[in-house]
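Beneath this line is the structure, given in structure tokens, with notes to follow.
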Amino acid sequence: MHTIALLGAGRIGAVHAAHIARHPGLRLAVVADIDPAAAQALADRHGALALSPDQALDHPGLAGAVIASPTALHAPQTLEAAARGLAVLCEKPLALDLAVAQAALARLDALGARVLMGFNRRHDPDFAALQAALVQGAIGTIETLHIISHDPAPPPPAYVATSGGIFHDMVIHDFDMARWLLGEEPVEVMAAAACLIDPAIGAAGDADTAKTILRTASGRMAMISSSRRSGYGYDQRIEAFGARGALRVGNVPHSRVEHWGPAGAAGAPFMDFFLDRYAAAFAAQIAHFVQVIDGAAPLVSAADGLRALLLAQGAQESARSGAFVRV
Amino acid sequence: MHTIALLGAGRIGAVHAAHIARHPGLRLAVVADIDPAAAQALADRHGALALSPDQALDHPGLAGAVIASPTALHAPQTLEAAARGLAVLCEKPLALDLAVAQAALARLDALGARVLMGFNRRHDPDFAALQAALVQGAIGTIETLHIISHDPAPPPPAYVATSGGIFHDMVIHDFDMARWLLGEEPVEVMAAAACLIDPAIGAAGDADTAKTILRTASGRMAMISSSRRSGYGYDQRIEAFGARGALRVGNVPHSRVEHWGPAGAAGAPFMDFFLDRYAAAFAAQIAHFVQVIDGAAPLVSAADGLRALLLAQGAQESARSGAFVRV
Amino acid sequence: MHTIALLGAGRIGAVHAAHIARHPGLRLAVVADIDPAAAQALADRHGALALSPDQALDHPGLAGAVIASPTALHAPQTLEAAARGLAVLCEKPLALDLAVAQAALARLDALGARVLMGFNRRHDPDFAALQAALVQGAIGTIETLHIISHDPAPPPPAYVATSGGIFHDMVIHDFDMARWLLGEEPVEVMAAAACLIDPAIGAAGDADTAKTILRTASGRMAMISSSRRSGYGYDQRIEAFGARGALRVGNVPHSRVEHWGPAGAAGAPFMDFFLDRYAAAFAAQIAHFVQVIDGAAPLVSAADGLRALLLAQGAQESARSGAFVRV
Amino acid sequence: MHTIALLGAGRIGAVHAAHIARHPGLRLAVVADIDPAAAQALADRHGALALSPDQALDHPGLAGAVIASPTALHAPQTLEAAARGLAVLCEKPLALDLAVAQAALARLDALGARVLMGFNRRHDPDFAALQAALVQGAIGTIETLHIISHDPAPPPPAYVATSGGIFHDMVIHDFDMARWLLGEEPVEVMAAAACLIDPAIGAAGDADTAKTILRTASGRMAMISSSRRSGYGYDQRIEAFGARGALRVGNVPHSRVEHWGPAGAAGAPFMDFFLDRYAAAFAAQIAHFVQVIDGAAPLVSAADGLRALLLAQGAQESARSGAFVRV
């Protein structure tokens, strides 16, 4: 039974708290937040102690820390936890600023820190099964990869303004997936972006629609389609094309019920709430974090997080220049 | 180039005429009907001669006759054509009355007649591909078979009154398919029927919904689900279960276009007009008829037609008695 | 937090123990089994007390009991638990012998007992969603129902000998589902059974393949296809046909990964282990049991269990007589 | 009944000849080829006259000409036919050289010529149904478009050398489709290409794999994935994303037969021969050509062909430069 401190009692913190509480090998001991009332409420729900962020990591007996604070706190809190020898599950990104992220990574490396970055999508059972099949050679060498990643509905423009933009906030998940699945590091990125959905997003200086191409040294390519609004739930699909066939993962409907009527045969609507869509991924992420605490190498390291950030930065630059950018 | 006479210028006669006209190896020379105007109109459309049914079969140079007349004329016209040495494509059934059908079959056998019965469903490319896979052993020995056969919408009650009833008019197609696919003769039939859709059909003494079980001597079973109204086009599916897996054929939509929206992912509506749904089957049936003229054994013989009729009769009896009937 | 005693530490008992342990509103206090070592092992796994079946129900503070003992103990243990005022989750069937089951039901009724029968399939999220859509009128009045229920592989013949036979052991689940979904009580049953898969099952006096038709007073019909061996995992599908369309639930694959290769486009294999296939159903069943403890009417009552047993008995009789049996 | 001359008796010429012969409103009068034996053989098959290309267009009574000659003859023969007042169905491209194509287009415009360019994919029933649904507003304004166009297997490297390269020979079909479906002219193109399949194709100076992005003035984007080898038949799919949902067309299997076995549920292999895959499209193209002869505007004009050629040229340039190219 490992004892865990959770820093950050917001929406994603509450998700982690619930999965920690449900895991038989974990005990949620401490919840901290810059808002003491939020910390108290979440701590109460799970029989944990509410502490200030300063005190939380010094609580006795901790084995791991989950960092779900605002982005600016990711790097410093991860470093403090690592300095205490704790395994860390840190929400992405380590930092929006590249220099900050690089500096943090250097210190984490020096500390020999065990950090699992919160790219939850790698833990989705279907995407993980696709990756496993790729590694087992189900389609021979992968040649190209398509990722469709359309969210159900756009976030409020206010959020967009602080999120770092579509590439840093949203496509970064897909950059991580592409790196994982291509089996070779992308070294070039090319992106085209537009504001087609909500003019307020454009007014905030961001795009809501993007198409990105990644390329590795040997010529493997990934195409990523990004949209802030599908209008029909999560449209998050992956197709990998290889020398001996293709592997695909489709969308997740609310149920397997089909309705056949005069308008045709229809499946149930696709899931449209991220907690439903990624419930299994969040649970598997916490289960993997237990393995990291027990000594396993994290499936997504801080260095992976930095690499995804570099691709986001390159994509943003390419969307302005209209040309491939080396990363 | 074989020369053909068509007897019957109604709806199904027009279908045959069009497919004969389109086939490069056939020439439609004569069209006959008890209604001379109907014969004339259809003959004109295809550059054929309109004759009376009496004269049609004596037209010089005929190689085959297609009998699409009212049911009562099927047996006598088939016999007249066979007596003249013509190959015959005869719409099902040979006769509604069992004794008449048996007598006709005996005379056809004595004549060595080449008769292809118009069970068009065997010629459907998908059903034929399923049957071919069965024969090739794709699932080992077949054990059981499910046939769903729900029509888009019920016929007028007036039609029902003269059709011979749901088992003779509609399920007979599925009895033929079951015999073909089971690979062993069904020797028992059990049926349950109800009037759930249109009370007028019940008032006419018929059912509009039925479930039938066939059983062979070795215990293989077929379940047939029949409905006069699906409400969403042709729901005509087949599933064969064997020692090493299952084979299935699903429904045919108007196109492969899918629409994804808030209500879910929907396919195009299923085909709902028999000429669309079975266009390929009718074309393949005519192509097979050319082979029969050239000497091939018919895929569906008059004896097959009689056997399906026996099953229809048994099913009707069972629907009254509530017990298995031996056929 | 409700305290639970579990009677029966076998395979299904272990499943219930795990789901009780994982539920935040339940505490597994006691595990009992006629085999003390089995009880001890399962109790240890979940920090519970191992007691003899005699003592278990007298443990202080119990709110509910889960009966997962051998079938012969279902009725007496359920009665003893009910006599102590406990809510009961009892594995099906209440008894194999109809008279025993009827007597137990009468006494449970007299006690005002709250009994949830363990027909887990009603709790499957997809089947439950189909039922909810039916109740909401998605296809108007239901007319007929198809249930396909083919197990991955047959049980050992030794099991078959004591299971009560295919209708009591296996199809009884589908009888319960059919009653639930038809929305009207089936009053007639007709079954055809055969031994097509394993001659040892036939030698043990049972069938391994069956087709059953149920009929209600108004003529609604259900067809149930049963097989002890699909050869490709759980083939458990439902189709409901109504006045305004159809509702369907298909099979559950191990993942959503598809492989496209020269042999065609293939989905992942269907689930083939009942714990995987019905994990969500077992969890939902325990969650519903908490509601029953809290006063809700059980989704499946002991009276429902008796009715399913009557249908199993009628089906067995019909399989011998070849005729519809009134139940 | 319109009388047609066919110029070019090669593989695609034979396809056109068969569809002309089958169409009730057309008569194939003349076949011409620079190889007189090829012309004679094809003419004999359809009861037509074999003439030299010089004589063919002067045959009396012609209403239309189908140009299926080598690419270098497309422009001159189309012009000669148009000069005689014939409607022309010309295989794509009008010319590989842009200046030649532009000059030909100017003269065709001056002649008021009726030219249907042979972009057969627009006539595919499923793609056409998708386009019709788009035009009818099924998903509101289109925002982005994905076209996957992977051929079954690569052509011989010798062919590649003379084909003009992957963008001119293969992706040009998709440029035409993208123009048609986007509903707004693409003004920028960006392509990434690689040789991942067959080094001989790379040695011949061409790529076998490409990803292309098109962009319109308002920011609508199309992504095109091109591969010379899927390994599993034609993988040619389209997805259109709009303000109110998505429309999709999937692949075409050889039949609707599914096989369910231990390896999962598999559909029939996808079609892998272009004559099978596009049989309906070629037939519809000829049917539309009859409408063009009768005065309808061609669905794909020579100007459309030029525009697709410009995009191919831009893509080739972009694949070298790594940046968007304006067209």
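Labels for the chains are A, B, C and D, by order of writing; each one numbers its residues from 1.
Note that a contact is a pair of C-beta atoms (placed from the backbone, for glycine too) under 8 Å apart; a residue touches a chain by one contact, two chains touch by 3 or more.
Because the structure is predicted, anything quoted here is derived from the model rather than measured.
Note that among the pairs B-D, B-C or C-D, B-C reproduces the A-D interface, with over half of its contact pairs the same by residue number. Judged by contacting C-beta pairs, the busier of the interfaces A-C and A-B is A-C.
With centres computed as the average of Cα coordinates, no chain lies farther from chain D than C.
Between chain A and chain B, the centres computed from C-alpha atoms are 57 Å apart. Here the spacing of chain A and chain C, counted between their Cα centres, is 39 Å.
Residue numbers of chain D whose C-beta contacts span two or more other chains: 230-232, 235, 244-246, 259-262, 268. Of all residues in chain B, only 21-22, 24, 125-126, 129-130, 133, 138-139, 244-250, 252, 254-262, 268 touch chain D in the complex they form. The touching residues of chain C, when paired with chain D in their complex, are 230-233, 235, 251, 253, 259-270. Against chain B, in their complex, chain C makes its touches with residues 143-144, 146, 148, 150, 188, 190, 192, 194-197, 209, 211, 213, 215, 218-221, 223, 225, 227, 230-232, 235, 241, 243-246, 321-324.
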